[in-house]
Amino acid sequence: MLARISRRLAGLLATLFAASFVIFAAVYAAPGDPAVFLAGGRDKLTPERLASVRAQYHLDEPLVVQYGRWLWDSVHLDLGRSFQYSDQVGDLIAARLPTTLELVAYATVLFVVLGVGAGILAAVRRSTWVDSAVVGGTTLAASVPSFVAAIALVSLFGVQLGWFPVTGSGTGLTGTLHHLTLPALSLALGALAIISRVTRQAMADAAASDHVEAARASGVPERDIIRRHVLRNALGPIVTMCGLVMAGMLAGTVVVETAFGLSGIGSLLVGAINAHDFPVAQAVLLLMVTGYVVVTTLVDLVHPLLDPRVKEVRTV
Amino acid sequence: MTEATETTESTETTESTERAEATPTLLSLEDLTVRVPGTARPLLDSVTLTVAEGEVVGLVGESGSGKSTTAKAALGLLPTGASCEGSVRVDGTDVLRLRGEALRTHRADTVAMIHQDPRATLNPVRRIGDFLVERGATRERAVELLAAVGLSDPEHRARQRPHELSGGMLQRVVIAGALAARPRLLLADEATSALDVTTQAEILTQLRTAREEQGAGLLFITHDLHLAAAYCDRVYVMYAGRVVEERTARALFTAPAHPYTRGLLSCSPTLGESRALVPIQGRPPSLSDTFPGCPFAPRCGEAEEECETWLPERVPLEEGASVACRVVGRRSAGRNGWAQPTTAGQTKNKVSHG
Amino acid sequence: MTTLALRPVATGRRTRRRPVGVLLATAALVLVVLAAALAPLLAPYAPDAIDLSASLAGTSGDHLLGTDSSGQDLLSRVLFGARTSLIAPLLLLTVAALLGVTLGVLSAWRGGWVDTLVSRLTDVMYAFPGLLFTVLIIAVFGTGTTTSVLALGLAFTPTVARYTRSLALSEVRKPYVDAYRVQGMGGTRICALHLVPNLGRAVLGYLVVLFGEALMSLATLSYLGFGAQPPSSDWGLMVQEGQSAVVQGALLPALVPGTAIALVVVSVNVAGVWAADRLGSQD
């Protein structure tokens, strides 16, 4: 177990190193000289000014040194200064991260409840119209890009019915929930298909086990069979998939936050790219990739806990 | 169907043996025929079988002969899409007509099945104690049951999960689970086949003791004819979905009637005998094989031309015994002065009045 | 994507009949392709004809699907937009296929450190969830249709490469490869003339399945302002331009292109999965 964890953690660190290098090196290799931009444009450019900007931002050092400095600072949460706002990047992110995390958490609750629920329904009512409706409906939902879903939801529930606010993130618990419902739904919709499909298949596999037939032959009530035998034994793949989808949602916030005008790190990234604000773009990308890789690693480590057979084999 | 049932009922009332009078029938299959779509022949063809209270009845045959289907019918558990004729009665209740909650209660309280592979019977992620509680025991009784089937440290066992126990221990757990609801009828489907011989003997003793204490009937399914003859009161031999012979264990072992039974006995080695092993020629029938007459005829050394078209029917032997073989029937008819049966109805009439 | 049909038992021969859904999806795709091809004939207006007097007009005889805030006819724009919205994903997949098949076959053929290097590179790219790798490239090289297509092509490469590698690994073991090698044929020639053509069908089927995702990704980039730039009639960009009108109660400018995207992606997914199954099964 311990060897497994350390092996996974080493892999995690290696991946993070590689990904962070890609993020840094890409910007380093970008056409155009960031010093020109930092100095305030070509018109009032003098060689002395350029040189001083280069020295100020360490742009005159070799790539590896710059990368090392950047990574060292990043690990110490010093993410540099935004070109655009001239604020500390760390402060910008800290101010916006809560909205993004709330959005992802809300969307996760939605897709777990709706997706797993639909999957259970499809598995229990297998080969009936309910099953077909779940598979068809979720496939349809997965074929609609999240920004289109966002517009459709806003049109219907925001503008036509006026149930939900169209933009903003609200204050207080109910305010936040109220404002984030449509964004979270747009984010969750695309995940319903994969989650319900995994749930349905995992339950179908679990239901085919001999012990389920034995329990049925012993007159165990159907509700208990579904809950204690089929669903319980299908939890491994379901939890894994939910974790992976949740991790991927960090990237999905880029679109949904833009569509709903939410001030989170996703919309911060879009704004930074449009304004060529490289320190902010690098920091947000690094944060999202780190979050994604860490969550997927955690999911991988949690998996054995759900299956005592695996756990025992590892500890012995 | 109704006619056949009535006829047999009259057989029981007029001709029941002393044992049958003392102990009423618990499980009774009457001419049960089960068909599933996509197979050339029925899974079960006119199977008639009884288990009395407190009786141990063996059901023997090769794999695919319909033993498990027969046992599962007692639970009202038929293959999906199956259509059936005939009746299955447990304690007078027509099992095949049970639906929903009544069927569930029947499975939970009246009949319990012990499956072949204990490791597949138990949910790997749940504890042994949970398994027993789910089968109708309380926590305290679960521990008692584990002790009763001969497991040491039952409190600890109840907290363990299946992968922590050996196959023999798990089969004891499964038996404890079958006894948990104090069922009237136990079905043991190859319950000891996967175990080594010493464990098998212990489990069989355990099963017998537990059964006697609860006064339950036992239908013991095995492919091992010697084991069945040694362990059971009466034995049914099945071939290709039909009962080919019904005998007391002693009679079966000493004077097997059906060529198939004789073949089974002579193709398995026994201690202290130095006779040659004679395998049954040909291969066991599959579900895609159809038979215009006796299904065993293609493999039977004594088959005559008429056997190929003779529809098998029960030919009575001594009291409470029968065989489904035309050749044997003709021989015994010649010996006992019975007429050769021509139709099922006539045979049954002869049985009931003869 | 290919596991849509989760039937418990495969009974007998697969049916050759097209399900109703596949028929509808195919019909929808044929219509969309025809609309794109015949846009100049079908469109009642030029896609960029601005008529500020008809701003945000609803459906009428003059404008069947209404107009946007600049008074541009939405029907005409959607018809012309079908061209970029359909061709760009094809280009993207071509890029991904060229790179992916090359890398996949290379790592299967050479094995060893080449294989390890390719698989480590794909691992690093997989560490970027969703569109983030594309977004990184766009952040560096700037916005625009060309950058988007190339960046997404690169982002789709690892997926194609992994799939091709797994196919090529089993293909490499087949006897004909050894036969050619014994005849003295070079590795590059065997791969180019025999290996790749034999993998063609399966890879093509896989690309068909990826088309819907490619279209969605491109539309998303355009919506974010990273892809096609005004005055293009790209559907994703149209949704972005129409979004501000939604709050004013004019839903058509955003919903018309949005529906077009959803329709094409659904149709491609339904018909594509079916087609991919056929392509894969006839090997």
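By written order: A, B and C. Residues from 1 in each chain.
Here, a residue touches a chain if its C-beta (ideal position, glycine included) is under 8 Å from a C-beta of that chain, and two chains touch if they have at least 3 such contacts.
Note that the coordinates shown come from a computational prediction; the quantities given were computed from them, not determined experimentally.
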For subunit B and subunit C, the contact-path distance works out to 2
Check: interface with higher C-beta contact count, A-B vs A-C, is A-C
Could you work out how far the Cα centre of subunit B sits from that of subunit C, in whole Å? 61
Separation of the C-alpha centres, subunit A versus subunit B, in whole Å, is 58
Separation of mean Cα positions, subunit C and subunit A [Å, integer]: 23
Subunit B residues counted as touching two or more neighbouring chains: none
Touching subunit B in the complex, subunit A uses residues 209-212, 214-222, 224, 228-229, 232-233, 306-309, 312
Which stretch or stretches of subunit C touch subunit A in the complex? 3-4, 6, 8, 21, 120, 123-124, 127-132, 135-141, 143, 212, 216, 219-220, 223-226, 236, 239, 242-243, 246-247, 249, 251, 254-255, 258-259, 261-262, 265-266, 269-270
Subunit C-touching residues of subunit A, taken from the complex the two chains share: 15-16, 18-19, 22-23, 26-27, 29-31, 126-127, 135-136, 139-140, 142-148, 151-152, 154-155, 158-160, 166, 197, 200-201, 204, 247-248, 250-252, 254-255, 258-259, 269-270, 272-274, 278, 281, 285, 288-289, 292-293
Which of the residues in subunit B end up touching subunit A in this complex? 72, 75, 77, 103-109, 112-113, 115, 117, 120-126, 130, 134-135, 161, 163-164, 177, 181
